[in-house]
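Shared between the two complexes below is chain A, which has chain B as its partner in the first and chain C in the second.
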Partner chain A sequence: MDVVVIGGGPAGLSAAIRAQELGLKVVVVEEGRLGGILPQCIHTGFGLLTYGEDLTGPELAHRLINSYQGEVLRGHAAGLEYSYHRKRVRVITEGGTVTLEAPTVIYAAGARERHAHEIGIVGDRVAGIYTAGEAQALMDLYGVLPGREVVIVGSGDVGLIMARRLSLEGAKVKAVVEMLPYPGGLARNLMILRDFNIPLLLNHRVVEVRGRGRVERVKVVSGSKEEWIKCDTLLVSAGLVPRVKLLRRAGAIIDERTSGPLVNDRLETSLPGIFAAGNSLVINDLVDYAMEQGRIAAEGAEEFIREGGIPSQDWVKVIPGDNVRSVVPQLISPGREVIAYVRPSKPLNDATLTLPNGRVRLGVIKPSEMLRVRVKAEEGGVAHVEIQG
Partner chain B sequence: MSPTSKFRVNCIVCPMSCYVEVELDGEIRVTGYRCPRGKEWAVQEALSPKRVVVTVLKVKGGDLPVVSVKTDPVPRDKVREVIRELSKVELVPPLRVGQVVAEVDGVKVYVTREVRGGQQTF
Partner chain C sequence: MRVAVVGAGITGVCVARELSRYRVEVHVFDAKPDVGWGVSKANTGLIHACYDDDPERFPVRAKACVEGNRMWRSLVEELSIPHSWDGSMVVGDEEDLPRLRELLRRGIRNGVPELRIVEARKLEPLIKGEYALYAPTAGQISPPQAVIAIAESAAINGVRFHLETEVKGIRVKSGEVEAIITNEGEVRVDAVVNAAGLKADEVAGMVGLPMEIRPRKGEYLIFDEDAGPKPSHIIFPVPSERSKGVVVTTEVSGHLMVGPNANDVQDKEDVSTTVEGLREVYGKASKLWPLPPMNKVIRSFAGLRPEPRGGDFILGRTEVGGFYNAAGMRSPGLTAAPAVGKELASMIAEDLELDRKLRWKAGRPLPVDGGGVVCRCNLVTSGRVRWAIERMRFLGVKTPSVDSVKFRTSATAGTCQGSFCRVHIARMLAEEYGVPLWQVTLKGKGSELGVGDVKALVI
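Take a look at the complex of A and B:
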């Protein structure tokens, strides 16, 4: 075995397909469905950058699953042991624990959703509180409508997409409540609010849930104003957090800005031979970027095996400057043009991005739309990345 | 004659997200766009917006109780009607990705997830 891919979602499958193309022997570890979260994302907008086609999530999953002919181990990756030449992945399967050994690992375990208790919502512990992704699985995998009168917390993409699904299937979305002064989703998803006449409450927070057995009302506050909205369901769309438990336990350095591992331009973590891709590396808005990260990680794994390691060098440290929340990778090779993902920290009109290799005019930017750029830095020193408004 | 109506929209053709205004008063005037695709999209959006409808249809004897489908683009004000018609449909596996499983007013409906009969698909 050359590479163990942890996670069979879009990033993991893309990594596995690319690794096979490069002649590596691959096993993918997946505990649920191959395709990850894609089968429940029944809307369009997937694969535009990769295939130039507008696919739905299940269609993209189908395409990826068909392109990967290698081995899949069904089970839960419960342990990751690091040594330079040999990694061990302990997998709990139906038939017992299996330990896989390989010189490289690609970690693509995805992300988890933030829940109500993490965003300061208190009150009764009742039925009817779901994350947006849980509601999506209920509706679009199992055909169950999670409620009739719904308040959605957070104006991120999944929340907006669920606002449309719920409205179409007969529920009433009473409001989308956003803490920030600007909406969180992609422009194409914000059109949903207009299409279905759904009120967007900016600068508002849901702080309390009341009900007996089931949600009956939620308290919404803005400054000193407060109001109760009657509803039977609260959907929480408050962002994703990279799943990095195994990486952290194995000793990988975690970047506070992304909550994912610190990586170099091969997407190799601080543990040589362990690579990361997809939402466990950095939260992506576009599946195309997660898939690209999978391919970059696979190329890194091939290089690691061929060269006996990624050549050590004077890494150039990437420093996020003004209006930049995070940059991945955090370390880049001098003199090599690499792909970087830049998350702006606030919306700006007519923005310009400054990189070590020049300036890029961006136009309108928003934190909800991660920028993908090519960066090249010279030897010595650091690479500043900043955005001027 | 209807009064001048102004339609404002954030373009979604590319990440530039231009703020485009379409004025409809007999003739069509468009401002704010930066490319021909954006202009075309904004005019279409102002005159007769279309949407691809995605939903799930009931499946009897599949791996899961429903299967995801998508339609050809339909006029926005017909979306609810399409959904209502599709709620009456029940399918039986096997179902292939791309298979046309219904037609509503000439609008084709395609399966987007593979369902084999009586067994786990993924």
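Take a look at the complex of A and C:
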């Protein structure tokens, strides 16, 4: 075995396909469905950049699954042990625990959703409080209608898509509540609010839930104003967090800005031979980027095996400057043009991105839309990345 | 002969298990869908060392606490109850030394062994404070799991549990209890044990006895498994008259936990958390220990202490023949419960002239594992979930609830709080109980997972 891929979502499958193309022997460890989050996203909006086609989640999942002919181990990767030449992955399967060994690992375990407790919502711990993904799985995989009168926390794409899904099912979405002064989602998804007449409360926060067995009302505050909205369901769509437990425990350095591992331009973590891709590296709004990261990581793994390690160099540190929330990778090779993913920290109308290798006019930018750029930096320096409004 | 125990909290199940050693029919009634869903499911879970119960003012409490602490040592082994014996530290500075000495002397009077005043940072380097009263005999258990384990052991020895069965009245004839009246019908009984927690005053009222139990809320924060630093002892502030104060502890499951505060409330059902309360808890705990930031919190919760008038436990015989109290079980009621159970059972055995059984089983079946992982955060397998469902059935749980599985397996109690696995657990419950998926509840009737099948609304 050359590479163990943890996670069979779009990032993991893309990594596995690319690694096979490069002649590596691959095993993908997946505990749920191959395709990751895709099978439950029955809307379109997938794969436009990669295939030039607007696919649904299940359609894209199909393509990826069909293009991967290698081995899949069904089970939960519960342990990751680092040593330079051999990584050990402990997998709990239906039939017992299996330990895989390989010189490289690509970690593509996706993300988890932030839940009500984490965002400080207090009150009663009752039924009717779901994360958006849980509600989506209930509806689209298991045919359960979560509720009738819904308040959604967060105006990101996931929240908006669920607003549409619930409305189409006959539920009443009473409000989408957004803490920030601007909406989070893509313009095409914001149309949903207009189509279904859903109020968007900007600069508002849901702070409390009350109810006996089930949600009966939620408290929404804005500055000193507060209001109770009657509803039976609270959907929390307050962002995703990379699932990095195994990486952290194995000793990888975690970047506080992305909550994912710190990586170089091969997407190699601080543990040599362990690479990361997709939502466990950085939260991607576009699946195309997650897939691309999978391919980059696979190329890194191939290089690691071929060269006995990624060549030593004086890594250039990427420094996020004005209006930049995060950049991945955090370390780049001097003199090499690499792909970087830049997350702006606020919306701007006429933005310009400054990189070590020049300036790019961006026009309108939003934190919800990650920027994909090519960066090149010279030896012995640091690479400042900043955005001017 | 037949004894009815009202309430399947830690107190009721301990009484029932001790009674199961005698030749007598024992029935436990609880209004809730599962055992231990009252006060006993939301508390700090500490087995106190028992230095802060004043033996002059609260003699019953002080005695039962010390005895209970000893009994838990073998009980956790016998019944495989998750536990840890970490020892506790009451931490203070130079000016608190007189208070620490006072607690030490009280502990000595109560017969608590191995107490000592130490330089706090020698034991716990990150602690905020100079000195500590160190009590090595203090420990922790998982309270809901303890109630379940003891209830199972009782059931194995013939005790019958009647869940979702509310006791609505008690018939007394010529000064003796005769029958209890429930929503499921009437049962003739020779003795009744009032272990009704917050509602023990209502149950006492059913036989005309006065009692007053007031709810006092305590709120908690639990941090992510990977958030630290975590102490290796249970850390208390210097106590006040009202409570032992906000504690910092690494609970049995490995999470950093802080709480509780203590606020008197009106409503005995109100276990909501509040912004102010949680802020108070965080603030007070940060005076003892360097806490991770609030965004590492994965859960907040609250419980209600059943505070009796006068402050001491209300235990034993009453003016009504056959009516026994095991009430007013405020803190350290969890610690004291095994001792209370033993005391009540021997009292009843004496009064009803019961003989001991020749054969009695001490243990309970061990959990079974197998299959794939369902709860990824806490690594709970599908085999373990099925085992939990089987144990629910064994005890007579009628309504399928995710919480019943959670308390038996720790599934859904990790970092993601069930957003991945709740639905899978619900599917197994739906299958085993033969109900539609949306009807599986979170915590009993009225908390169904959904409102119907998709498309149910538009048709």
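Basically, the second predicted complex is superposed on the first by the 389 of 389 C-alpha atoms of A that agree within 3 Å, B and C clash if a C-alpha of one lies under 4 Å from a C-alpha of the other, contacts with A are read in each partner's own complex, and residues count from 1 in each chain.
Convention: a contact is a pair of C-beta atoms (placed from the backbone, for glycine too) under 8 Å apart; a residue touches a chain by one contact, two chains touch by 3 or more.
This structure is a prediction, so every number in the text was calculated from the model and none was measured.
*Asks:* Evaluate whether chain B and chain C can sit on chain A together after superposition, giving fit or clash.
*Replies:* Once chain A is superposed (C-alpha atoms), there is room for both chain B and chain C without a clash.
*Asks:* Can A:His115 be said to touch chain B (first), chain C (second), both, or neither?
*Replies:* second
*Asks:* For A:Gly143, is the partner it touches chain B (first), chain C (second), both, or none of the two (neither)?
*Replies:* both
*Asks:* Figure out whether A:Leu190 sits in contact with chain B (first) or chain C (second), or with both, or with neither.
*Replies:* It touches chain B, and chain C stays clear.
*Asks:* Touch test for A:Thr93: chain B only (first), chain C only (second), both, or neither?
*Replies:* Only chain C; A:Thr93 stays clear of chain B.
*Asks:* Could you read off the angle at the CA centre of chain A, spanning the centres of chain B and chain C, to the nearest 10°?
*Replies:* 110
*Asks:* Mind working out whether A:His43 is in touch with chain B, chain C, both or neither, as first, second, both or neither?
*Replies:* The first partner, chain B, only.
*Asks:* When the two structures are laid over each other on chain A, which of chain B and chain C touches more residues of chain A?
*Replies:* C
*Asks:* Using the touch definition from the top, say if A:Arg125 reaches chain B (first), chain C (second), both or neither.
*Replies:* Only chain C; A:Arg125 stays clear of chain B.
*Asks:* Quick one: is A:Glu59 in contact with chain B, with chain C, with both, or with neither? Answer first, second, both or neither.
*Replies:* A:Glu59 sits against chain B, while chain C stays out of touch.
*Asks:* Please work out whether A:Glu169 is in contact with chain B alone, chain C alone, both, or neither, and reply first, second, both or neither.
*Replies:* A:Glu169: touches chain B and chain C.
*Asks:* Contacts for A:Arg210 in the overlay, against chain B (first) and chain C (second): which applies, first, second, both or neither?
*Replies:* second
*Asks:* Pick out the closest CA atoms of chain B and chain C after fitting on chain A and give their distance in Å.
*Replies:* Scanning every C-alpha pair, the shortest chain B to chain C distance is 6 Å.
*Asks:* Which residues would you name on chain A as touching chain B in one complex and chain C in the other?
*Replies:* 139, 141-143, 169
*Asks:* Taking the touch rule as given, give the residues of chain C at its contact with chain A in the complex, in rising order.
*Replies:* Contacts found on chain C: 226, 269, 271-275, 277-278, 294-295, 297-301, 371-373, 376, 379, 381, 415-420, 422-423, 427, 437-438, 441-458.
*Asks:* How about chain B: which of its residues touch chain A in the complex?
*Replies:* For this pair, the touching residues of chain B are 9-12, 15-19, 51-56, 58, 64-66, 68, 70, 76, 79-80, 83, 97, 112-114, 122.
*Asks:* Going by the contact rule set out above, which residues of chain A touch chain C in the complex?
*Replies:* 31, 74-76, 78, 92-94, 112-113, 115, 117-118, 120, 122-128, 130-131, 133-134, 137-139, 141-148, 169-171, 207-208, 210, 212-214, 232, 245, 248-249
*Asks:* Under the touch definition given earlier, write down the residues of chain A that touch chain B in their complex.
*Replies:* 33-35, 39, 42-44, 54, 56, 58-59, 61-62, 65, 139-143, 165, 168-169, 186-188, 190-191, 195, 363-364, 366, 369
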